[in-house]
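Written below as structure tokens is the structure these notes are about.
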């Protein structure tokens, strides 16, 4: 009885009694969701264009952030470092396309997936080799990102909004809009969509798959850098992030593997629900449920709608 | 070259259906077993047995388990680490509850616990295909990891949160705990691995294995041939998790001696998946080759600087190790996506058709 | 739903070892078998059915026959085979087959057809095997000529052939078929399946006909007719060679003694049933010594099946050895460089020392060691791949074998020997005893055979195996067989200093060029055919100024070569006419001329002109015999314009030929064939002087 | 070509009855109000232009698609929704338009797979590959060998099917379907993509299966010549509707059919 109350009664009482706290929780969820969305965005870009589930997206985030911090630590100005970090991501994209993707065309999904795991192992080793394994702090201020926080008085209570989080949300929004424009307005963007729809068709209208892959990986690299900066600013830049990056998976399940808006909405859903559950119900289970909650949500969701929120119903043919 | 198949004709289906129909193959197996059971215990030093052979065998068993799921049934799983954990924690609890029962019996029994858990998390596979299934198994991985931390009952409310292996005897010989000799532990592990490999091979070559492969190759056609996806997939999940569970239990009891949740984290899932893919999907031999490659190679890599008298700090070696392994994985996937087993098979084929090229 | 079509007691051999106690399996306990001369295993019996009784007793549990069917080697022991044969034999009796009557056998190497030989002989009837790939017309002639009253056909295809002759076969009463496949809807009432016949036999057996059956077998005499084999002569209608029990049994026994064969041998039966060779090796010798005969699954799987069985005794016409060698070389061409080098290094070594080692000559220890390494790395695996690992004795016969090919196999350690024989002799005339083997001879007369060379140079022989006569053809019998039992072989040859027989050519083919030099066409053709690229060659020259040849390329070998050299071709015809192919042939022919120039007797008959024929010579078109020998006279008629062109000096000639396709349809192939001149060489003795 | 007469078919026992079936995907109507029957022992052809709903019809019969309206009566049992494996249990087996073999397995194993329903020995025996499990394997191997013999595919027995040429793959697929010893065999374009000789072989096998084992066959085929020779009766579909049903000669003369094949506007 107490258990049922714990599930169905107390949490809601708590929410009603502390609306400001609820808002704070929702904001936290929103911020986490934004980051999930950004991570998922990186996945979606690559999956859409090449059908590869890029397990290395997480490590790319770390790697991008480490490069940035690393260049700065070497004495370069922040913006030069930023530019160089972008260049590093570009070089990475080019290398991956040359060395890995091109050689693995037409292999089964599992093989490509494994290759990206191999890639992430390599990048972990490479990153640690160059930058060392210990966590680093992000050069938030140097990049001109806001660091303060605003305290809002509401419902006789306060909600604290970190400026950085607001900036993060804004940057995420800009990135998404930018990508949307890129996809719909530019020639390369349209080519990307063509590739996503049909490789053969894309080839027949004279689009080079290799080029597109490199571009897509670069785009994912940019997203990774942005994610890395945001994430790094909130916590530290460390390799632990690669596990968190797996959260992108449930996000993609919810949003669909190929849908950009899906990634955003999925990310937000995961962010919100995870925080809410952790705060209001987590205690029942002893806490720490954030680690798996998203997956279980995705799993339950899958059972009822295997094609995702935005996917189309699949009709199997024989 | 060494294959002399002329005159090896079969007059019964029993002989023709044998798992090793070629005499030379049977001889080779006999030789491997002889080396494993006699030569290694006699000539191997403790380091070799403890740091190489025991973990190699245990990982091989886990790889066989995962291979049953991924390679034979075509269901991707990233939850191997956690399923191994279930076996380990189950065995730990069993030894606590039944201290007098033979440890080998308990090790095997613990496999049933992970089989049940595996089936539970395999249920969604009926509706979910391909990569979506990764999410299910990840859910298993993270949920179970959480359980290993948050349910203190599992580790007998130890302050350390770790499970520690008690001393147990098998037929009067100390088999587990700190005072068990490496050779004893090795021989027990070896015996279990050999028997379970034999059983896996039997299942794969029979009705059930065929049903798994039918689901893997063409699930629609399989269903139209009368295979129930539910039975086939769940049995694969059960058998696979059973193997992983036993491997997990052995890992703690015969190798590590103590373990906490880190021993069963997602990196272990990846490690085993690497072994399966590098070794070769859908191949038992591949599981062994993959385990050897992924486990023994780093051991060797670590030893190389020492042998050349180079003083490189351990962390750097570890980083380089990661790079080399990551690079090799990509290299292998590009050069031979069917894994070491394919190379093995090709080499065998070359020997069979020797001196001809085909 | 799916019934076993060749239903029968196909009990696996492994199951038999614990005794044949099975209740459903009706057996006669072996000690009840009444055997003439029982206990005297070496005693010669008179007929093969008598040997069947003996073997069913002395080798009751040893395998008698295997057949790759339904994926495994179905096996029968001698006792089981005895029961099968008895049931079938009694069934035939019930169907009215009587002593002296003929039963035709049409089909491939199937146990049931081999059993039919014995089942018929047990009744005193005469089996007449017919080449199953004969065209209907040939088959009709034999069936009619032999007055067969029954025919046993392997399958629907053969039944259809026989049925299509309909009323033209006056004597034929009953058709028995082995395989049920597709036979369901046949309504002819003279059709009956093998199994049904066996059931009839079992009914008789139940009525105690068994003892009478044994009595009849034991009553049979050596002088009775055993089998009639139609020779597909190179000219004219086939002739029915009548062979008596004595002919066959005595030949089989002495052949077994000659090579020390016992019940432990295994052979693969893959040559046509109607060929005397197969009849003696796969039936006669098997019954006499009790060894095991294995029938392959199908014609396409013979190589694979032979590898599985690994026969101890192997018999093949040179063509088979040639094809095997070609296949080996073609495959090795695709091997990596290192492997190729190693392969040829050891082959060269074998070429130098292999035969010496096989013959037991003195060879240095180092070379023996090298040969041993070669055995490990090359010869052993190679023999294994070909299924020759266990071969004690291998024979080649039917035609001359290229000396290089012969040497190749011998140097690998295969005890390949030559044999000279004829249907009329129940095969054996001469054979090479172990240790006296040379490529160019066909050995010494086999035990019991006397050989003489007639004044004309023709080889003649007399032996216990000499045939009774040609069926209903006294004229031919008299032409071939003298009153005191000497037989004309039709081959020209001589006995060399070591007492070995050497064959030059068909006696009637040996001729002279206009300048008087000796012309032995086959001798030249064989030299050409040694090249893997040459499938067939026909030489002309008798009564002409010079020797000219028509060459047939080997599609496998030349096609492979073309592929490697990026030469594209759409058809056989196109490839044959390709200038580079012509060049290749020209080189080969020059090589032959060089060889011929070294031989005093042959130097005069070097090849002056040649052409590459635009179509493959084919038995269906009558260009080859069923045993795939060239029918020279037919070819010279058919391609008369081409031959004319060779001698009138033209460099090309248009020719139009009618062909019969596999499915029986007729069509035409036409082409303009190029004719080329070849360089000749000065005869050896005048070499220095000439240039 | 067939030996059966019209009278045979008319009086034959009904094996399958399709009644008023309608099937749609979203708004697309794949099949509308189709009824027909299949009698025991006949060869029944379903023909029609591309997109006529032929394959959908087969998919409905063996439970892969579930029609919104209508019933199917098979062996006297009425049903509308069922899982494909249940259809298999009832004795319906099939081949596919695009060969759907188990690519990673040998010919032998593929045909063996067709006998899945007939093999039951439990996990315990399977573990040891001993006793009942081994005997079962061997017993079914024998049955499979008979099919191999029947289809004349001995030389490719142990070849992985992925390496076989297309024509042989089709034959192996037929073997796999036959291995289930079905009472109704559905063939989805068994001769698609074959050359003339392969088509002749396949026709011979289909007739042999029908006559030798008495298996009822429903087949979809494009090649009209082949269909007219093979089939006892023909159903013609066009745009998801039945436009004709009858003996080959009747169908051939039917104006609707001629129009449909010539593409006359509706």
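For clarity, chains are labelled A, B, C and D in written order, and residue numbers in each chain start from 1.
In the analysis below, a residue touches a chain if its C-beta (ideal position, glycine included) is under 8 Å from a C-beta of that chain, and two chains touch if they have at least 3 such contacts.
In this text, all values refer to a predicted model and were calculated from it rather than measured experimentally.
For the remaining chains, with chain C not counted, a single touching-connected piece is obtained. In terms of C-beta pairs in contact, A-B outnumbers the other of A-B and B-C. Using the mean of the Cα atoms as each chain's centre, the chain most removed from chain C is A.
Averaging Cα coordinates per chain places chain A and chain B 33 Å apart.
Per-chain Cα centroids separate chain B from chain C by 56 Å. Distance between chain centres (mean CA atoms), chain A to chain C: 77 Å. Between chain C and chain D, the centres computed from C-alpha atoms are 46 Å apart. Shown for chain D are the residues that touch two or more other chains, namely 64, 96, 100, 141-142.
Multi-chain contact residues of chain A (touching two or more other chains) are listed as 316, 318. Each of the following residues of chain B touches two or more other chains: 12-14, 16, 220-221, 224. Touching chain B in their complex are the following residues of chain D: 62, 64, 83-85, 87-89, 93-94, 96, 100-105, 109, 112-114, 116-117, 119, 121, 123, 126-129, 133-134, 136-138, 141-142, 176, 180.
By the touch criterion given at the top, residues 1, 3-16, 353-358 of chain B touch chain C in their complex.
Of all the residues in chain C, the ones that touch chain B in their complex are 12-15, 66, 71-75, 307-310, 328, 331-332, 334-336, 339, 342-343, 376-378, 380-385, 387-390. Within the complex formed with chain C, the residues of chain D that make contact are 3, 108, 141-143, 145-150, 154-155, 157, 178, 181, 208, 211-215.
Only residues 1-5, 69-71, 181-182, 184-185, 297-298, 300-301, 304 of chain C touch chain D when the two sit together in their complex.
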